[in-house]
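Next come two complexes, and both contain chain A; in the first it sits with chain B, in the second with chain C.
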Partner chain A sequence: MSVRNKISRRRFLATSAMASVPLAAPGILKAQAADTIKVGMPTILSGVVSILGESSVAGAKLVFDEFNAQGGLDGREIELITRDSRAKPEEAAKTVRDLVNGEGCNIIIDAEASSGSFAVQEVIRGLGALCLHTVSEATPLSADPKLHVPTAFRSARQGIHDAIGGGAYAAEIAKEKGLKRWVTCSPDYAYGRTTTAEFMEYAQYFNGDIEVIGEAWPKLFQPDFTEVITRILQWKPDALYSALWGGDLVSFIDQANLYALFGQMETFSVNLGDYPVLKAVEQLPEGLRSGNRYNKSVPNTPENNAFYDAYVANSGSLPTNWSWENATGATFIVEALKEVGTDDPNQLAEAIKGRTIQSPFGVDGTLTMRAEDNTLVGYAVGYGVTTPQEPFITDFHTSSWDQILELEAEWKKRQGFA
Partner chain B sequence: MELDALFSCLTSMSCLITQTTSGLIIGMLFFLVAAGLTLIFGVLGIVNFAHGAFYMAGAYFGYTIFQFTGSYAASVLGAGLGAAVLGVLFERFAIRRVYGENVLLQLLVCYGFVLVADDLVQIIWGSEYLSMGMPPAFRLPPFFVAGGVIPPFYVFIIGIAALIAAALWWLIERTQYGRIIRATSVNPTMVSALGIPTPLVYLSVFALGLFLAGLAGGLAAPIRALTPGMGFSVLIISFVITVIGGMGSVAGALVAALLIGLTRSFGSIGFPLFVDGMMYVLMGLVLVIKPTGLMGREEASRP
Partner chain C sequence: MTNQSTKTVLMVIAAWVALIALPSLGHADKITDFIVFASAYGLLAMGLNLLIGYTGLISFGHAMFFASGAYGFGALMQSGAFAVPVAFLLSIGITSAIALLVGAICVRLSEIYFAFLTLAFQMFFHSILLSWVEVTGGDNGLLGGIPTPVFFGVDLSNHTHLYVFCVTVTLISILIMHRIVNSPFGYTLRMIRDNERRAIYLGVNVFAIKLTCFVLSAVFSSVGGIIMALFVSGAYPDFAFWTTSGEAIFMVMLGGVTHFLGPLLGAVILTGLNDVVITYTDHYGLFLGSIILIFALVLRKGVLDFVQPHRKRSKTKTSAEGASHAET
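Right after this comes the complex of A and B.
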């Protein structure tokens, strides 16, 4: 055997070994992938409200990226698997089954609109995965004991909390300015109807002089609000309450400006205070009363400002209400993982139940996942006044959580939920 | 039902003026979209389910041109032309292959285009809501006429839409090109036998229809939030208008659009919870009484 042949053999072996690396790599990568903690996330990534999905993913990703950068859970990183439900509840339900049974996700972040979340809740009941509802604000999802699932939590706002805080604020302004005749204009589906009813219930609870003289229910994603705007003008109210949101709210304001509507009545809009809406409205009227969604000055802390900066740097877009709600859900997951050291859904649920986390979105710097109904409390609730320039919302009035919790308890009794 | 409120509105000059002008503006904007839809169906026999996507494209083109030029006129014209160019490409590479095919196949091609268009808009302009804002020339307080409120911008839109309706009528009824279109819609084989290139006629009609859709998107951009998928809601109402007016009839589309506009405007006073329902009741009534629509033809040959 010649030297050349020997060298050739060595070279052959070395080359073979090198060549085998790419062949073996998928197996290695697969083994690594199998070792990740898989978090499934059904959300809306296409169509009119794709911003919901994009900002939800960005919010959750910000937290998970940081967790992974710090080494994950003993080297196990979180792998976020997103799926587009196209705003269809049946698709959201199917997607969750696929994520749990097919992808092996023990953890689900449900970033669906309310109709999808109710469907997801029932799927979670059957599958037993850990679920964080991060978008739905419909109160019954967590308040109705019949819907309770031990491994499902809500890290989003809850309609009744905003209604109590907003109702108290509206009642105070109504007393001050003598606003007695009110009309409402909200989207014609479960969220719009329940949110509006709850807000007006508490506005009237705090101020008995308030009377609702008209209700307009435009369809979701209706392109033209002209007939609704002229109808509101015909009622000649003192004040208007609206739960319109997103692009519908932008269109409504643009079209209502043409009729000088906002100069003729005091307006309370629970969903106006979101950056994408505030930035989109080219002629934002001054003096509208806006509910808090997400604003870097509410609460005005270095932590909240840091979240805003990090979010913008990471995603290249402005944070929304959905961003903080998803970042919060993700934080609860990360904290629970650190505590229990496994992605077992039942152990994680036990760790999240009643847990208090440090958070830039809490009024006192903390947020709590209330144990009695697996829902979030302690976030910033309140109203401010619009101004056309940054920070867009000024004179912010923070609602008292003592009052919210007391009245919520009474409300639950009346509803038969407690 | 709030019939007393409706009666009170009908007897009040201020309410009559406000609701009539709001009915006209609702109707006229829908007419521009529906006119293209019905024109394409009348000549090509294609139910263009992708029509809303061109309305959306027009709105986004208009928005972008306005950002660069600050000229609303340029943005509206660019919106129409941009949608027409897109339409030419769509006809040349997709729709032309399904002329005379099963309507389900046409639907599939159009639906595929809608999905691609929505995703492209999301990639290019992002998923955030965009608003062009009112052009400075129209940032005026509303007119108050006998207590009624009329926004100056809406007077402009109604005027422009009326001009376009008149121009369309003239083009179709009084020009050689219009005669060719009408002849092609009835007997394309004979038109072809006379040496007129019918594929070019189809292409030009498709482009014209989508020019109108894009124009409507550009005109409406200052008062509509721009989002991916925004064309869908406009499409549904445009189909209702097309069916009521008669598939293929531009004049019918105008009458139906105004009828729908006024129904929605006064309906919001008299039956606020049944405004959309009333629109479909109206469509059902027309279909029962006159199945071809208010001004539709009995039948026509298709390419």
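Right after this comes the complex of A and C.
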């Protein structure tokens, strides 16, 4: 045998081994404790929105750690198994199947963005696991009866709730200040377009003088907003509404500051009120109107402050909107587990349906999982005004849930959802 | 039927029996999920390899056909007007029509120009999926699940039925592709790949052959898309994004461009790696990138490209008839 052949064979064997290990490994390497209650969480842990996954995990973990520290369910602790879907819906769907079929999770916390959540919803329909959607704000996920799955719930904000609350607030400010000519600047994808349309619909519903004179649709993750900013300035509006979020919003504000844009118009930004965003802006302008995401002063209660402190101590980072939404989903799971004493998905779903929990994030100290459409109501909706220092948002105006629920019911009828 | 054909059919039947029996070994749902997922991408990659490996045309836009299969099938089933087999065939027909149109423009070009034009068509198709919200659901994809009424006693909402159906469809597709590449048409593709001018001088209608291959390639990729749509009960714009095409090309290169089953193996390896990496770490890119780097540095070609010469050398030693020819 030649030297060359020896090397080739070795290389061949090494290659074969490398190729076979990944295929065999998932089934044989992962040993899980048999007596834990497994909760699977598909989310986005890589890429430009990895903060979504990181703060979602931290929010849920905070609640589960406390549950486990108190002895769990008759000694059975909750084991949170996270998976990175890389923001791909098909990967999210496959991951959920793997978590349920492979890992034995009867409970799923779906911390995916909207498109992933719709994919997860369909998988849950087939698998029958309990599912808490903790991030998606897309209204149809829970509002459209065609999409309804008995064991799936949403413990997150819902677009239509924020639109009604925000629209009412915007209309009131517009009346006070005579803001008639409005422009919008939102990301060019389904969330941005839907949220903007709903906000402006309700702003005009409450104030018929409001007129939209221009719309700018920057691409998602667009680095340079110069063209958008100059176009907005050319329109000379009285007010600007934006559904930009995360890094895009930070870039927009930083770049708009160079053009002194915010001194020339009132600005309403639904996604500004998150600590990481507020702290990332180089010079946060005073007086921007910010929608509530998460703020320890909204509502300003000892319980909410305690959550903030515990979250920071536990994760080493600041809480986001996704943090409270996941903490809420986890709380519903824990409360249901305590009631039924088993992780049977159907029994847990029955226990969660219509349930009201004590919560630091509720406007009256409670949150309810509405039975008619398995969605969360009672959380803090509204707008405040930015200030460069802590608490970053002041003069918070809390929207009335009576008004939100009444108009939501009308909206559902118009959409054919009720 | 020749001995070779009989042998191939028997091998496919044996593979079918083995795959159907495999879940009984344990972890049934996990194994079947993996096989269905890998089958979908495997067909995408094998379809693509008809162009890359056999015709020498590198398409950067093949995810377009993966998506057209998924969206076509999903939308037809959601309309409630079609049975599964009819929607299956119609969505393949829709993909064929799109491929005929796109291919008629693209196959006149070669090398980088062909690649970029297919990429451009794919991005155009992706934009349509995002914009035509009433039909495609826009960014959210086809919502509401894909209904699958029972046909001939097959209930695709039952996971075992779905698995058997997907395995059967995949193996039939592979068998058809095998027949194609071993037919005179398949050898003509190789001739065009190796020396297009020579093929023209021999009277081959190169344009027609390339176009036919382009359409066939799209059809098999769309079958992969249909399987994926059934598996996730939806269709998403990501299916048509350039990264999906990139993954398919990587599967082809990883498994082996010169071997018929190379792309399928590439799909299995990449899907398996993906499962392992996301199970054990959140640093997906870092680990998968490192593993792929090792593959690339050690092998410098696809797995089966590497294995094939060894098999040939071994056969040379043991058989007086000499080594069998490489399947390409």
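Everything that follows uses one rule, which is that the second predicted complex is superposed on the first by the 386 of 418 C-alpha atoms of A that agree within 3 Å, B and C clash if a C-alpha of one lies under 4 Å from a C-alpha of the other, contacts with A are read in each partner's own complex, and residues count from 1 in each chain.
Operating definition for what follows: contacts are C-beta pairs under 8 Å (C-beta built on N, C-alpha and C of every residue); 3 or more make two chains touch, one makes a residue touch a chain.
The structure presented is a predicted model; accordingly, all values stated were derived computationally and were not measured.
Novice: Looking at A:Arg231, would you say it contacts chain B, chain C, both, or neither? Reply first, second, both or neither.
Specialist: A:Arg231 sits against chain B, while chain C stays out of touch.
Novice: Could you tell me if A:Glu90 is touching chain B, chain C, both of them or neither one (first, second, both, neither)?
Specialist: The second partner, chain C, only.
Novice: A:Gly128 contacts which: chain B (first), chain C (second), both, neither?
Specialist: neither
Novice: After the superposition on A, what does A:Lys219 contact: first (chain B), second (chain C), both or neither?
Specialist: first
Novice: May I ask you to decide whether A:Ser46 touches chain B, chain C, both, or neither, giving the answer as first, second, both or neither?
Specialist: Both chain B and chain C are touched by A:Ser46.
Novice: In the overlay, answer first, second, both or neither for which of chain B and chain C A:Gln283 touches.
Specialist: first
Novice: Please write out, lowest number first, the residues of chain A touched by both chain B and chain C across the two complexes.
Specialist: Common to the two interfaces on chain A: residues 46, 53.
Novice: Write out the stretch or stretches of chain B touching chain A in their complex.
Specialist: Residues in contact with chain A: 5, 9, 15, 18-19, 22-23, 25-26, 29, 115, 118-119, 122, 126-134, 139, 141-142, 149, 151, 153-154, 220, 222-230, 232-234, 237, 264-265, 267-269, 272-273, 275-276.
Novice: Could you please specify the touching residues of chain A with respect to chain C in the complex?
Specialist: 8-9, 11-12, 14-15, 18-19, 22-23, 25-27, 30, 45-46, 53, 82-84, 86, 88-90, 93-95, 97-98, 101-102, 114-115, 118-119, 122-123, 125-126, 138, 140, 144, 146-147, 189-191
Novice: Which of the residues in chain C end up touching chain A in this complex?
Specialist: My answer: residues 26-27, 29-31, 33-34, 37, 130, 133, 138-141, 143-146, 157, 159, 228, 231-234, 236-239, 268-269, 272-273, 275-276, 278-280, 282-285, 291, 294-295, 298-299, 303, 306-307, 310.
Novice: Quick check on the complex: what are the chain A residues that touch chain B?
Specialist: 46-51, 53-54, 215-217, 219, 221-224, 226-231, 233-234, 246-251, 254-255, 257-260, 276-277, 279-283, 317-318
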